[in-house]
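Two complexes are shown next, each including chain A; its partner changes from chain B in the first to chain C in the second.
Showing the complex of A and B:
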């Protein structure tokens, strides 16, 4: 899984924001506000990863129970797919 | 898609990638991102996001304000535009340039905007001279 080309994560003060950039921004203006955990997941997805590795990385990085992290991760991935920013093939 | 007006009202901010070249060299097309917040008062040299009567969203710098009338101009433009305060959606409070976040309160940015403002008459005069020069080619 990987974040599609044309999307970037930006940090403004305490806010993490994902926006469309490059030529894509001319036709599709995406603005998604992320929390710290989702921003971390985004950074992993920018490099390319799979669900299992991402869950592992989240559990290592944050003090969170595996079940909770798994549920939250699925919710995040679902939202990312709906927004069309996730490439499952990569 | 939610409008910038609605987002500013609902979540108190708006962010988007830069389109166009009118704010170069500060903000580059497709590369940089701006963070916009609602405003109480406007200040000279603020970079404001406004909606033209045509519906187009524009990000330009405020040169002056007199009552409800504002004069704005892009950093890379020479043509001034007169707009109403009611057309202004918000003010740029931060931006990312080459991926790095800069707040408009930073010393370097404030120095840049002051220098840009001070060089405006010179740039406009050079632009006029170049235009006249082209006529005689």
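Showing the complex of A and C:
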């Protein structure tokens, strides 16, 4: 799994946002707000990873129970797929 | 070629029509030129495609605004689709898409406080984001009603306006305000300029109180804002 090319991750105020660098994207599609666990997951997905490795990395990095992390991760992945930014093939 | 002062920048430009020259005239200055703008036929054609039933004057003004937005961005200045009033030496801006009622709301201020409130602009606002906060500027892009004057004031608040059956006003976080701000400004096509706009918006939201305004088309909406900004008046 990988985040599709063409997004820049940056901080905005106290949150993380992902902005599309695609010149055809309009503002409604262009902006995704991420909390810090989602931002971490995003960074891992930029390099390419699978769900199992991502869950391990999340549990290592954040002091969170495995089942909570699992639920939050799946919710984030679902949102990313719906927004069309996740490439499941690579 | 004349020189016009907009958002504290001296701009050399040669108007293509007497109407545009007249609209720009109140901003004329004899200061040194900071930048030069010119409008090409292909820029006019591009605006004509977007607004086919409009006139050369409208197309020229639209081209000029678009060009200005690009040139002012590196100078920490933005154009916001917003009406703005000045009260007690501070500017308060109301953001909403066309047709929601930002000009109507601005007019209610002059109705409610006829001796003290003034519409700085009914439709667009030039904003300069500085280290000391943001400053709002009047400009020639005043919308079809033409409300506005040549002046500027420190920005005391940004209000994101929606119509409602009851007026109320509540604070908003920077991240909540961001989607509305992006819709109120032009989001450039290239990545570097986009990140520049985001940096400016981040500084703007850090420096300016932000509110959601649920507004009826009555002076109740003005009172809701006055209550919200109370201590800063």
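The rule is short, and it goes like this: the second predicted complex is superposed on the first by the 81 of 90 C-alpha atoms of A that agree within 3 Å, B and C clash if a C-alpha of one lies under 4 Å from a C-alpha of the other, contacts with A are read in each partner's own complex, and residues count from 1 in each chain.
Just so it is clear, contacts are C-beta pairs under 8 Å (C-beta built on N, C-alpha and C of every residue); 3 or more make two chains touch, one makes a residue touch a chain.
None of these values were measured; they are calculated from a predicted model.
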Check: Is A:21 touching the first partner chain B, the second partner chain C, both, or neither of them?
Finding: both
Practice problem: In the overlay, answer first, second, both or neither for which of chain B and chain C A:78 touches. | Solution: neither
Looking at the overlay, does A:35 come into contact with chain B only (first), chain C only (second), both, or neither? neither
Dual-contact residues of chain A (chain B, chain C) 8, 10, 12-13, 15, 17, 19, 21, 23, 26, 31, 33
Touching chain A in the complex, chain C uses residues 173-175, 178-179, 182-183, 187, 189-191, 194-195, 198, 201-202, 205-206
Note: in the complex, chain A contacts chain B through residues 8, 10-13, 15, 17, 19-23, 25-26, 29, 31, 33
Within their complex, chain A touches chain C through residues 8, 10, 12-15, 17, 19, 21, 23, 26-27, 30-31, 33
In the complex, chain B touches chain A at residues 1, 7, 11, 13-17, 19, 30-31, 33, 35, 93-94, 96, 99, 101, 103
